[in-house]
Each structure stands twice: as C-alpha cells, then as structure tokens.
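Listed below are the structures to be examined.
What follows is a pair of complexes built around subunit A, which joins subunit B in one and subunit C in the other.
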Partner chain A sequence: MSGSRRVDEKRRNLLKAGVFAAGISFIGVSRSTLMSMLKPVSLSEVLGVPPRRETEETLARKAEWKEERIKEWCSRKVEEICREYGEGSEECAEARRRCEAVKVKATPARQGVAFAMALDVNKCIGCRRCAYACVMENNVARNNGIEWIKVLEAPREGEAIDFLHAKLDYTDAPKEDMVYVPVACMHCENPPCVMACPVRATWREPDGIVVVDYERCIGCRYCMTACPYGARHFNWGVPEPSVLELNPNMHILGNVPRQVHVVEKCTWCIHRTRDGGIPACVEVCPVGARVFGDLNDPESPIRRVLEEYGAFVLKPEAGTRPRFFYFFGPARTPAAKEGGGEK
Partner chain B sequence: MVSWVRLTVLLLLAAALYAPILAASSEGQEFYPCSQCHAALTVTGQSRSNEFHGIDLAEGAHGGLYCSNCHQAPQVDVLVGGVNISIPGLHPRDSLMDLNKVCSTCHADIYRDYQLHAHGNQTYTCSGGTAELVEGYKGVGYWFHICPEYRDLSVEPAKACVECHNPHDPTMPALSILPEPSDRPSPPDESSIALGGVVAVLAGLGIILWVAPIGKRGGEP
Partner chain C sequence: MSVGEVVETVKYVVREGLRGGRAYYGLLLGLLVMAVYGVYVWVGVQHAPIFLRSEQGGLVLTGMSDSVPWGLYISFFVFWVGVAAAGIMFALGAYVFNHPGFRKIAVLGEVQAVAALIVVLLLIIADMGRPLRAMVLMPLLPNFPRSMLGWDFVVITGYLVINLVGYLYTVGRYREDRSLSARFLVPFVIVAAPIAIGIHTVTAFISQALTARPYWNTALLAPRYVATAFASGPALLLLVLLLAERSVKGFRVDWDVYRKTIFVTTGALIVGLYFTFSEVQELLWYTTEPFKKAQLEVLLLGRAAAWLSLLFWLWIALGVAAVILALIPSVRSTRGGVAFIALLTVIAVIGEKTLTIVLPSYIPDSLGQIRPYTPTPVEIVVTIGIHAIGFLIYAILAKPAIRAIMTHYKGASH
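Entry: the complex of A and B
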C-alpha cells in the first residue's frame, strides 16, 4: 500500500518537474524561435498530398456552365426591366447590352507570377472610392450591405498608427492627425482561412490569389472566424445584383454573381489581373495610393515601391505573411480645408 | 454717314477677330494658341506672377520658380521642351500627355515612377474596346470597360501630370469623401432559435421528471 503511494508521489513530482521545465523553456525561448516552431502546418503538408486546386479543364467547364446559368438569369431580368421601363427605354437597352456581353472566364494563373499590392498610407485620403468601385466591379449585391474593402481612420502618433482607436464611420477626411488604412483580403502566404475550411472550398492559387469556389462553399463561416483581418463576408440574404450595373467581365473564381449562404472576398480582380489588367481599386484611386504588380518582375511597380520605401504589414504576429503591403511614401496629401475638399 | 461707315468697319473687324474663337467654342474640339488674343503677351526672365490668371509663384510647392522656368521666354505658349499650350477647355488626352515632358525636366525620379505605374493611377485598355465613366454605387465615378473578349489587356497611366497637379500650384488638393460604409449584414431572425431553446429545456425537464420516479421505483426493494 505504502509502496504504491510512493510511486504515485514520484510520478506526481516528475509531472511537476516536467511542467516547471516546460514553463521555464516557454518563457525563456526567443519569440522568433517560438514563431518558427508554431509555423502553421496545412493538412496537405502532413499527408503529403498536393493542396486542392481545380484543374484548368474543370474550371473551364465550370465557367461555361456558369455562363449559361447567368445568361438565363440575366435574360429573365432583362424581360422584367423592359416590361417595367418599356421596350424602347434606355434601361432596357442597357440591360440587354450588359447581358449579351457576359463572359465567364477561367483564365489560369500565369507561370512564375507572384501578385502583390501596396498602399501608400501618406497618400490615401480615406475617400472610400476604392471600396465602392470594388462593389461595382465585382458584382457585389447591394442588398446585403457587403463591401469587400473597409477604410479605417486611425490616429497617427509619429511613425506609429493607433489601431485601437480606429473607426470606419468617419464623415470628414483627410485630417491632419489621422491616417487612412483600407483593409481587404491580404492574400496571405499562410492563409488561415484556407486551413480552416472543412470542405476545401478555398485555396491559394499559384500566383498568390486566395480564391473561393462558390459552388463548393457550405457556408459554415469557419474561414471568417479564422481570418485575422475580417476580410471575408457572408451572404445572409439572397444576393440580387442589378443587371443595369452588371459587370459582364467575370471569372469563375472571382466576380460571378454569388448564391445565398456562401462566403465572398476580394480576389484582386482576378478577371482583370490574370488577363493583364489592374484591379478596379487601383484604377479608381484618385491619388494613386495603390500599386499592384508581380513581385517576380524586377520592372514591376510593386518592386519599385518596396525597394524604394520599404513596407509593413498588418498583424505580422499572426504569422500569415500577407501579400498586401503598406508604406509611407515620400509626400503626404494635405488635409482637407474647412468645409470639405474639392469634388 | 461717316459714323455708320465707322461702325460697320468696327463690326467687321470684331467679327474677323472673334470668328476663330467662336468657331472653336461652338465645335468644342478646336484649340487656339494663347497668342491668338494675347499677341503682345510675353514673359520675361523675371516674371513670377500674373494677376489676371491668378498665378503667384511666390506661394505653393512651385514657390521660388520663375515663369521662364517652364515657359520659353518671351513666348508664353511655348514651354520648355518645345511643347505648345493652347486654351481653352478640355484638351485631348494626347496633348495633355505631351505636357508630361515639361514636368519630367525637373521631376525625373517621379516621372520614372509614373512610367513604371508606381506614381499616379492607371487604367487598362483592350483592342477594340472602350471605357465609359459612369456614376456608380454610392456616387463613385467608375470606369465601365467594354471589351469584346476581356483578354490581353494592357495597363497604361490613366492621367497626365496636369490632370491631378495644377502646374502653378502642384500640391494635389484633397477630394470630397464618399458616404459611410454599409452596416454589416445582420444575421437572420433568432426568435426561432430562442423558441427551440425553450422547447429543448422544457423537454429536458419533462424527461427528468418522468425518469426520476421510475428510478425511485426501481430502487425500492
């Protein structure tokens, strides 16, 4: 009896010593070592299987199928519009024009391309044009209140940004003591959303764009919880994009009209960038604060700004390695004068 | 009689002088050089301001320059690099792009950034396509591109230097901001979930009350 108690006591002491040693080593180990130890591991790495990606053929087939469905839906909407406004109306003609132009592409990633975006915090005036042009470009339904880009207004303290007191609903900008930080999908190199998805409906493409397969998404919203940037949005209601404002340039993994109960997010305008264009937010920015390009191309604008001005990322401690960079450029856009800026 | 002749001559002269201007303004696409009206308008090497045009180079980011740094004195409408300027109104994009040569004389680094699409904003073009500026969501001015296939797009600078920067006061003014973002979509009505919870609790209580007496009965000898 006493022998077994002694054994129990020994085991308990051993466990205590183990816990104590673990605690000491946890405190003592350097942060960088800990970060490297805690490097996220994806299921595909553990199992040795390649990450899930649709093949080009499958995607092309899906795109063809989707285009047919969209055209069917679109022609129904055109009939409604023409009935409401009249056959000879501008609205009817516009809806018909957009509907006929619908093209769902499945352009694959180009070999050796690594897309990235950078934003000059000194230039950004917080005007929100990027956020609303993004809605137009990506056929985001207006009835669900979804906007992929959110612009934060945060107090500036020297070289630091006080994100604790950031807000979204400012009505006057730009202000002298504030900086404006648009936030959307960061297209991380270690995307936690991809690891969280139980049905592998989201993945990172070879060119760095993190995409969602809307047909496969089950709407569990695990990815939204996993994303440290709040970049994913859920369609609570049936999305009803307006045909009169429909963007006919579509990509099967990008801005095709979504169905209810799926998650959506920024794709760096995959329907434009894969074919040599630039994202809509870059095009609309009135101060040219956004820069987009291929990290592997030494002549690309993104390389130019990163080499010239350096960069920082949001929440580096999350270990996600974002491909969206922020930098402080050479000149600051002045604050708006009393009574608002120019139109 | 003499006065009538004088008046007619004056009217004819006025018509001859203003005819090109009237034609230009009615067509809206023709431009005429400054010297058409200001034959005697010249700049000297010491000029720094022009009251009529509201130009004062003592102020602003170009403060300290002289007119002759950009205008080839004594002519006003010829700029350094041989670029001609015309008035009035909306100039075609090509002629505005021509003016970039003047800016690049001093701002070579920024011009290099501009050429690399790292300064200013860009747009894309496609063969056989067009772009229309439309008023979009929440009042955003949005370029709606219409392309036959939306493939093989090419990126180019969207604006010339002078479209954003007033050459006489080049600091870009702040623009008006657009409305606040939409509220996050609200989750569905949770009353059904609450009702389900109440039903589950009542059912659980019912089971306990029903099972407990059986357990008691079973425990009796």
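Entry: the complex of A and C
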C-alpha cells in the first residue's frame, strides 16, 4: 500500500511537470498539498464493487482453450494453402511453421509496473510505419480496415493541435509546415470506456494497460462512443486473418485473432511488453520518435524524456488522464529551414 | 388479482385482440409481413455471422463505422423511450387529478408504453453485435452502478413490467365491470411516475456526461429529452384515440381529454423549442469549443449530411407550426384540427429526437474527421420490421382494452 502511494507521488510530480510544460495549470493550489488533505477514493470502492479481474488461473485456462481453437482453425487453413500452392511450396511451409508456433500466453502484470509511452512530435515524420507494423504484429484482420494507430497531419502554426483541420488521408510526408501526431489508445488512468462498458468486457490492468475481453464483449459500442480519442475499433464484418502473415506470439488479452462484432484496440503489445520487450511501433519507428517504459523505474527511458522535455497530453479537458504523452524533443526531423517557425 | 384472474384476463386479451373485421385482419397481416421480413433480414443478413455462422454479412452492411458507431437503431430507440415515458401523463390525469375523461382512457397510455418499450428493447437488440451474450450478461448487471447502460436496462425493463401489470389489472377489472381500487392505484402511480421520468432521464444520461462527445455534453440534454417526450407521446395517443373513435362503434372519448392533452403537448413543444434555441445560442454566439461548433454546423448548415439538417429544420418548422395552430381556437376545437396538430407534433419530434440528437456527436468524429452516415437498406428494413412488431402489439393490446372500457362504461358516460 505504502509502496503504491510512493509510486503515486512520483507519478503526480511527473504529471505536474508535464502539465506545467504544456502551459496549462488546472488549479492554483499546489496539488500535492491538496492531495495530502484529500484521499482519493474510487466509486467502486465506495459501492463495494470489486473491479472485474480475471484471476491468473482462469485467464491461463482461457488462454489454453483459445490456443487449441486457434490451432484447429489454422491447421484447416494450412491444409487449404498447401492444397492451393502445392505441398512443397514455400507458402505451405511458412503457413505450417506459423501455425505450429502459435502460443497464447496469459502473462499477468508485473507488480509495481506502470507503463507509459511518449512520442516526440518534433521527430515524427508521419511515415505511418508504426501503424503498419502494428497491424502485422497484432493480427489485425486486414479485411475490416482497422488500424489501431492513426496518424494525423495538422498545420504547424497555432497554439493547440487543431483536430478539425487535421488530415488522416495525406499521401506524402513529411511536409515542412505540418506536424504529425500519431494517435492510438491513450491507456487512460481514468478511462471512460471502462466506465461505460455495461458488462465489464474492458478494464484497466494493474500495469496500466487497458484491455478488452473478446469473449465477453457484447458489441454495444458504448465504449467507442465514450472514448475521446477514437481509439476503439469494431469488427463490423467477419475478420479473416491470413495464416501466412499470422504472428504466432499471442496474448489472450491482446493479439489473438478477433471475432466478428467485438471491439478491439491497442494493448501496447501486451504479448511483448509483459515479457520485458517493447511495442512493435516503438521498435519500428525509423526516427526513434517513440519511447516506452515503466514510469516507476527511475532509470527507464520514459522517465528520462519526460523529466527532460516535459510532456503534454491530447485533450486534457476530457479528464481521462492519458498515459500516452507527447513532447517536443531537441531537434526537428527533418531540420526546419532558417527562420521556419522552430518550436 | 388472483393467478386465475390473471390467466383469464390474458385469455381475454388474446381472444379480443385477435378478433375483428376484414380491415382489422388486413392491418394485422400487413404488419406481420413487414415484421417477418424485418426479422428475416436481421437474422439472416445483418446478423448472419452470429446466427448462421456465415462468413458474409454482419453489421458491416449498415451505414455505421468506427466514426459513427451508433445510427438509425439508437436514434429511434431514443424517440420511443420518450413515447413510452409520456404514457404516464394519462395516468397522472386520471388517478392523481381524478379527471373522469382521463380515467376512462388511461389504460391506453399503458398500452402505448408497453408497445413503445418493446420497440425500444428490440432496437437495442438489433443494434447489439452479440445479442446472445448480451441476454446472458446484461441481466447480471456486471458493471451496474457505473455503466449508464446498466441503469437503462433496469429502468426500461422495470417500466415495462409496471405497465404490463397496470394494463392487465385494468383490463381485468373493467371487463367484469368493476372499478379500479385505490389500494392498487396509489402505489402504482407512486412507483410508475418517477420511473417514467427515469427512463428518459437515464437514456439522456447515457450520452450527456461523455466528455468525448461535445455536442451531447450539456446538462440541458436530459431536460430536453423529457420536454419533447411530453409532446410526442401524448400526441401519438391522441391520434390513436381519434382512430379508435372512428373505427370502434360506440367508443367515445371525452372532448376535454383532447383539449387538455393539446395544452400539454403545446406547452412541451414550446419548452422543447426554447431549449433548442438556448443551445444554439450557446454554441453559435461565442463558443470556445471548436468541436461543438463544428458539430452544430453539420446539423444546422447541412455540411456533410444534408438530410440531417433537413430533419433539424423540420423540427423547427413543424414544431412552430404546431404551436401556432394550437393557439388558434377554431383549429384546436375540432377533431380534425386536433388530429392535424397531433400529427405535426409527432413528425416534428421525430425530426428532433431521432437522428439529429444522436448523429451530430459523431460528425466530425473524435479525431475531427468527417465520415458521413447514411442508413442502408438493411438498417431501414430492420427498423421498419421492428416498428411493425410494435404496432402489432399496440393493436392487439389496445383492442381488448377498448372493449373492456366499453363494458365498464356501457353508455353510462357518453
């Protein structure tokens, strides 16, 4: 308990720095003074409703069951592929290899970890490689047109990022006078999507990852209405993942193939990060604009950039307290021309 | 009422509800065909992946998208919740203010509420991606105090049960020419009135506290919902009463019921129009919320979805027209005039309460992108089918009710 309070303290200081850096101050009184007087409670504590969490055993059992199902499905597909391309073909071997390697994990959150991500708006060149890598990594069905990461192109002048003049469908980048803002799930500390879900099919894990239980979602889409960041996506049609491109490294709350009529969203590559890795988008970014890590670890890269450059969040007025931060790093990529509005 | 009496009453309702002349059977048959076709399209086309394990179909056949996740179904859901809620107005007139004219027909308010609530529930089910899971999980209320949808489920099913009880009790008594006992009515009204307001309030609360949707994010949303509900609901019942007077021989409605109800609907319309006016002022005059303004521009000026602003202006135009007509004594004192005013009111509120209250929140969407929405034939057919089921139930329940009323009031009152 005291440990988590210490963690909270750190996070608050960090957020204060972030808020300050963005030049927004919500309350005149010092927040830590206020917090020492007021003890935060959550409504569910007051009303005696425990947050719905799978126990580790039930989740592990579910993962096993799911793995069997996926193997059944993909061996059927492998046969089809081998019949079509021939037994000896590369495609057949590839599909078989991927299908055999399928492993559905149920790795639980590690104690005391608080994940966060930050993105250097000065570095991002809007190439959308993160969005592409994300689709491949997370077995997002190609036929439903879902992308967990959207990259907005917005005019650079003006104080705030103006969504209404931002474009998603730009075709060439980077442009001198534009800024690129990738948006995905913000893994909010105070997520309205979790509040909205009538059946607790979506919740926030102890390490801060907001997940969806695809076996439980009833497809009412209230969470999509409640999310201020357009981060949740619906499988409007039957998803058809391709075995030839299947990522066999899966997590039951992450990139297992989805079903029709359920919601899905970014999970910060839960199948990688829970095992100590970094998300695919962070890995693939050609300019290194993305930083990921544990907020509670003073040595983590995320702590370093946030402490050094400060951070801001999108739509702070929505009150969701995102764990995804944006910052302005030291140099622009590509370098701004002489006199061209350096920020 | 004993169990035996309830069973007898149900039998009576079924027997009387299914008896009638050629025109009546024609009506039932027409509605049935529409209903069956709608259900077929829902089960066999829109939800084929769920029910038939088909690889084709799915909600992708609707006009909805990640930008506009709620469309036609939820829009009409909002409207019918309002109609259901307003049934209570007749119960109040009858049992609280003890108006004999209202007492006579109050049970029809319950019929209307039952039919409207069934439409409401069916529209939600049609919209739900995984209806079977929902039927298992929703009654358990897993996220009850926090999720507004859980609240909505509770009050809507609760209100449905209350109205069914009221209906069966009233019909059961009247058909044996007995009057209603105060021992039943007092608790009935005390429970039903707050829940009636509650269903519409909770429906508005689903949307009004979402910071993600600036257009809804106003404390005026719930009052606005309730205000126009008291225009559309009673107006629809007036139309039904007029129709019943014409088609059921010997059934008369006290003229004072029409007069008083038109007062209520006109008052509600004025309040509703005033709320709209006030919202538009907030948004257009000097708002600092660009999102809200952009969403309002879609609504008012028809950017991106012209038919949407058409509906909005329909609300203003027909709403104002209905108010003006109701103010002219020579119009509101004829049955034809009342029918016309009521019709205008219902259409005006459909303009206000359906798509124009749901869609602007999604256009532009939460990332500022404009992805217009137009309902597809699949959605329209399913929606019509569900409405046909609703009207079928309305007819089958209203007929025995009118018959029971006539038994009880036998010529005693006009």
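One rule holds for everything that comes next: the second predicted complex is superposed on the first by the 286 of 343 C-alpha atoms of A that agree within 3 Å, B and C clash if a C-alpha of one lies under 4 Å from a C-alpha of the other, contacts with A are read in each partner's own complex, and residues count from 1 in each chain.
Just so it is clear, contacts are C-beta pairs under 8 Å (C-beta built on N, C-alpha and C of every residue); 3 or more make two chains touch, one makes a residue touch a chain.
Just so you know, these numbers come straight off a predicted model, no measurement behind them.
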Fit or clash - subunit C, subunit B, common subunit A: clash
Which superposed partner A:152 touches (first subunit B, second subunit C, both, neither): second
Which superposed partner A:319 touches (first subunit B, second subunit C, both, neither): second
Touched partner set for A:184, first subunit B, second subunit C, both or neither: neither
Which superposed partner A:109 touches (first subunit B, second subunit C, both, neither): neither
A:74 touches, of subunit B and subunit C: first, second, both or neither? neither
Touched partner set for A:238, first subunit B, second subunit C, both or neither: second
Touching partner for A:163 - first (subunit B), second (subunit C), both, neither: second
Which superposed partner A:141 touches (first subunit B, second subunit C, both, neither): neither
Stretch of subunit B penetrating subunit C in the combined three-chain arrangement, among 20-28, 74-82 or 182-190: 182-190
Subunit A positions touched by subunit B in one structure and by subunit C in the second: 144, 146, 150, 168, 233-237
Subunit B-facing residues of subunit A, complex: 101, 103, 105, 107, 125-129, 131-133, 135-137, 142, 144-147, 150-151, 168-174, 233-237, 245, 247-249, 271-272, 275-278, 280, 282-288, 290-291, 293, 299-302, 304-305, 333-337, 340-343
Residue ranges of subunit B touching subunit A (in the complex, touch as defined): 113, 116-124, 136-147, 149-155, 158, 164, 171-188
Interface residues, subunit C side, partner subunit A - complex: 49-50, 54-60, 62, 64-67, 69-70, 127-131, 133-134, 137-138, 141-150, 153, 206-207, 210-213, 290-291, 294, 361, 364-369
In the complex with subunit C, residue positions of subunit A that touch it: 43-44, 47, 49, 52, 144, 146, 150, 152, 162-166, 168, 183, 192, 195-200, 216-222, 224-230, 232-238, 240, 260-262, 317-320
